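Below: one structure, written as structure tokens.
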């Protein structure tokens, strides 16, 4: 994270605020400048599929709105005022104080202030998320770790079927809500109890308190969440299953479920029964529309280009290659994975399938991306699966376009999700809808 | 003698004109020989699956004329393909950089009482409506089984409305039951065009070459410009004025002589526009021969030779490379006869084996009657013999064949047929743009496309695992020709 | 320069800023603006006039908005300029919004749709220690190469401000090299509680670097300082032979260079444009229309007359006014009857909020209260005739009136008591808090719709559309839950407001 | 259906073939001209959400392809040939012979031929579907009633079993997803839906079970009513007619309660189930509420529906009843029997007097276009078939294809039924708008 960025596809550490909003009845408290929270809300939630305020997001977020006084003389007293008020005014189960650039730069001792409240028994934690520290991917991890480290106690007993799910990042993934409930349904389908932690019906603070009881942690993402799993292993000794590919469509989802089942030592038959049922449904529709896929009328895209977070770029590439036999062109990973994870991601793209591999570049800067994609030649119109920023690019290189990555300004997203068997069908409908819609 | 008689509103079917057939099982060489010796006969099938009718082919061509309207005098089901032609139309316009617009199609929506009392008023009404709504330069009235069986005199109505509206109103006799060979529909559409649209030449434009084709991308202009010729693609996406002046061109060529045989022959017999009588320009040998024939027709032999040489040079390296990669792969082709022959040649020239071909029908001769253009003969001579089935889209026969042939790739040119290859797990694609493989550079495009298909067959594999075929085990054990009776 | 020196400049009495300075004085100091008040409209007018208006701070607050947002909104919509945000990535959180505004507006104005030209220097931990002017240089060159802009604006951030980045030296150097104006915009979020300060910062950079002395005066042209609304000003000005010049959004740099050539400057909202208008008058003698913007019958009359006097069109204006008033009278009467007795409330920024209050009164609504995001004790021109609050409440000085920088918890508390039939909202995502109470909340997207005489009817038509079918609010009220405690909802709405300083 | 049609939205009675294709392992046999089957596949199955040929459709359709000879000398022998072959070649559980224009007009005694085979024990029925007899919705009813009439035998009642007669396969591009959604909702009420079509149906077994049902559920403005009546006469099964497609929380809960009552389900359980559903629905609805509120000012406030009757009323109850949009006019394109028109008008009238909008019964694209040009205020949101794209563009409005023919979308198991269906519809509507305005 160093180069200048045109058309950002992720925001700063303070973006962790949205992960708090995603926890049922949790209240973020922003100790930062007056505009920070609103900008994050605009970028990650509103102008990203118009996901909206939710329970305590948007304008409801308590904040210190730091002014010159707080910069010059320190803002700790101001923070106390706001926390006091928040505890009275805001109806929540968990309070998370997030610091912005101002507080972190002038060196307010937020941790101490917050711990005073916690010692008085208030369910409140602090995450130091000054924007300059990194992207909201880091912010998400910081918030989660803060809750784990400052609030959770070792479990009395381990629940053998309980699994904590660390996967897509709330709001950063425009489809997080639908995706997480899909992951839940699939895991429950093979006999596990999924601790989803974010979104509707995820259980709020109570669910978070159960984290130490889990039999294992599932990190369903190329890299985000691994450090969370580490912390949990150190504190509670919980084992980790890392599955880097977001399962979209039958091939990947089945592979994923079998991997999980094996790791969790689940009885074989029920798992297979579930898989057979789901695959049957999925392939019924692929079969029904097979004429369409094969007749490839209307120049359905010859090559596809992903411009998205590694979790989507990889998941969707595997899906289009495995299920629709489409071919990858240049792939672009925009979530700036830490160096130590890049080799693995490169390898996944190199080995999409025997005889099918893809070049990948890591960049979150539209200027760089656009120059790279203009270099390539295309026999048929390519398909760009990326953010709304890329609509112009798609037009320039004569391709088709579907927005699935932040920021999504040209779609409204409610409970749509792309994960799993159903998700795959949904993605097919959306991709070809966007193609056919251009005629 | 000429088969083209524009005094009549109707013309004989292909069976009657050309002795065409829709069923045959044997070697390409046998089929060619039988055709040449005039001993070719059809073997009716007892069991059949649905095929297509002349109505679709006729409406397809006419509905893509940009300032004409089509009135389908039929019950509503015969309008089932309106939506397809609409998409073809919008899609074609977008590709040609124009704003997409709906096709100008109207159905008279014949119902029970019309069947009893006749639907003549409705037809008049519909023609007037079409005129009011679209202000077209011409209106085509396509007939249907129902309109024919109830015995309506649509020609009389058309002539009367032509008087009234002062624009050509042409009837198109594409009743579904008249012919087993749906390409008869092309003939009747062209017949209507020859009768009512094409004018005698005002001035000859020898540099202009008519290209009879579908909706494919214009790959001809680039080729022709190099030798100072101008490609005039018809009928789709042309307008009435351009079609009216077909008679002024220096020659007529076709991307598929099954498609254009009647129009080309008509332009030659009526207006003396020479038809280039050669197999279509697919594959090196085919393209060479076709270009040379064209060169002779327009007296540009030397320019053509230079063009051929330079194009060969341009594609050689990649072609070699492709041949290496495709070597040993086996293909199977299913398409309309002449275009099918072309695709088979292309595969062979790409270094592939061709396990065989399935063609929707076979014309033992073309309207011009000149054997020089026999594309099947050409295929056998240039690329060797192969098993051939003639089968008007009988999926049960095709699938029976494919299961025996087990090709590495299956190439199809007709909606609805590709899916059967896929359900057997065979990498399959439909040739949507009929010009995709055309001429020299098409050879390369097509090769790359095949490589893509065979390099990532996962879609087909999964489909095969999960798709259920609607055929009995019994059938799959029988020979493909089981239901063909002996010739009557 | 120490943090102390940097930020604690003594308040100055001079209401007119020295526009050559790179930094605009914040509104708290320049205009005595405040964000906390509870009382009646009459009181506020009187205290403000007397110069004794004091801020009342809240102990508990919800997040607000900052100058950076307002500054970037104006500048990012200049079609041939580029905005570089010298900040961490999160300050770019509003880029997507500006991009949608941009594409949306381009569509409306028949311009080719293109993404807004926005960059962030993406400051990180390293940069906070070693400084990041080199990244700013890189960004400027990148912007130049990618877009060949006619001007570049560099917007500051809390971080760049606190670590004391020296933007000016970088900028001077780059200007030399690239030969285009490059302007810093001092919109650090923490500097002011009044985000409108961001407009001032943006306009200051335009006055400093873009506007040129007039080549030739354009007596027919009136500058209109506005947002992104449709051009309804022509309806008012063309009939009397004048031409509106809508700025800043969707203009080009060249159009802005010639702001000095207009015969007058007016506003769609005097809070928005006060700094730019005053600057143009002071620097280039372009007179500013002082009376409140033309919303509602009386204000429109007054505004038109002032414009006419300044441009010598008085002869044309009177018949025009009479004709327009007559033209709308019958339909207006119908709407007045339809809306009679309906209770309305306005939550918006001054002075546009004041304009809405006038419009609602003209349409026959009963105003039961209003709440503005801040209050300017005076405007930069310092002329009391510009007092839009007084104009809006001259008939109802007793109207209960609050100043509240969009604190949703106060608004919800207040509205639960007032239970109006309609709330006009003019700030993103406040509408939701209102609608969750089951009260029709109209978010006014196009700020020009109610403009002038015919605007009254346009506005009324839209309102009646939504009032016909409040199904959305009902659905929300049925299902929704507000994040506030019972304790809070039983407190007085302004319980968190401190005593005047 | 009598007027001349430009841009048709339904086809002819022979389109009933698609309903046969929709029955797992059922084989349609067309006694008709060579092109009919494929044209109908094209219009209903392919260029209508690209649903595809499935098991026995598309190019697998069996047909006698009658030619000049059969027209002149009659086609009954030809039909026998084809049936013989079909029984050997096609691996099916149920065979349905459909006659087309040509054979109905020349007067082949198809019924007689088919009856012979049935007497010999072949699972085969006959439906007279000559194209001129009516629309494919009539065709659908004809084949359904043919199976009921010629194939079903009395059965002992199975508690909680409900036959679902609703959306018409393939004609409604979302039929498959809609049926699954209905099944899930009924399951939530503790009922067992007997689906006769689609992937979740047991095919011939489901059909055999039809007489065993305790209730016939007709979710449709008019198609299926004759079937319910027939089943009532034959097997004494009561029926519940729900003329509007339930979309959104309000409608779906009303619908579910009505079904629960008709099937005598414990209202406590029902209540608990419905509350869970509504709660989830409102979470997402509320999450996007900022958007609805802040964008309605400038986005279309008025909408137009150009759909089958039960879609139109269902959509208007979501858009007007829950989202607060205003209807500007409704076009009913499925040509309901005239005696149904008043009842259908009522379905649109229930919201509130201010929300009355003209309802026009027509399937003619030209009339629709013309009337939209006249009385559409400002830029409307048009929910209709892909035909309406041009007029939407002309009026500067927005458009979403939700009705046949749908050439601009691919549909797999998409559905607009119920709670989730409403969320899906809202996503699709606003995404199409957002795609246009920027």
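Every chain is named by a letter (A, B, C and D) in the order it is written, and numbering of its residues begins at 1.
Everything that follows uses one rule, which is that a contact is a pair of C-beta atoms (placed from the backbone, for glycine too) under 8 Å apart; a residue touches a chain by one contact, two chains touch by 3 or more.
It should be emphasised that the depicted structure is a prediction, and the values quoted were computed from it without experimental measurement.
Asker: With centres defined as the mean of C-alpha atoms, identify the chain lying farthest from chain D.
Answerer: C
Asker: Have a look at A-C versus C-D and report the one with more C-beta pairs in contact.
Answerer: A-C
Asker: Measuring centre to centre with CA averages, how many angstrom lie between chain A and chain B?
Answerer: Each chain reduced to its C-alpha mean, chain A and chain B end up 51 Å apart.
Asker: In angstrom, rounded to a whole number, how far apart do the mean CA points of chain A and chain C lie?
Answerer: Centre-to-centre distance between chain A and chain C: 35 Å.
Asker: Between chain B and chain C, what distance separates the C-alpha centroids? Give it in angstrom.
Answerer: 65
Asker: By the touch rule stated above, which residues of chain B touch at least two different other chains?
Answerer: 87, 90, 100, 415-416, 419, 468
Asker: Indicate the residues of chain C shared as contacts by at least two other chains.
Answerer: Only 100, 113, 428-429, 432 qualify.
Asker: Going by the contact rule already set, what residues in chain A reach two or more other chains?
Answerer: 46, 52-53, 58, 280, 284, 286-287, 290-291, 409, 439 - these are the residues of chain A that touch more than one other chain.
Asker: Please categorise the chain-chain contact pattern as a line, ring, star, complete graph or other.
Answerer: Here the contact pattern is something else, fitting no line, ring, star or complete shape.
Asker: What are all the chain pairs that meet the touch criterion?
Answerer: A-B, A-C, A-D, B-D, C-D
Asker: Which stretch or stretches of chain A touch chain C in the complex?
Answerer: The touching residues are 1-8, 10-15, 27, 30, 32-44, 46-48, 52-53, 55-56, 58-68, 70-72, 81-82, 84-86, 88-92, 100-102, 105-106, 130-136, 366-367, 388-389, 391-392, 407, 409.
Asker: Touching chain B in the complex: which residues of chain A?
Answerer: Chain A residues touching chain B: 250-251, 279-280, 283-284, 286-287, 290-291, 293-299, 302, 321-327, 353, 355-356, 379, 438-439.
Asker: Considering only the defined contacts, which chain D positions touch chain A in the complex?
Answerer: 46, 50-54, 58, 176, 199, 280, 283-291, 295, 407-414, 420, 423-424, 426-427, 430-431, 434-435, 438
Asker: For chain B, which residues are in contact with chain A within the complex?
Answerer: It comes out as residues 87, 90-91, 94, 100, 412, 415-416, 418-419, 421-423, 427-430, 432-433, 445, 448, 452-453, 455-460, 462-463, 465-468.
Asker: For chain A, which residues are in contact with chain D within the complex?
Answerer: Listed in rising order, the residues of chain A that touch chain D are 46, 50-54, 58, 177, 200-201, 280-281, 284-292, 409-416, 422, 425-426, 428-429, 432-433, 436-437, 439.
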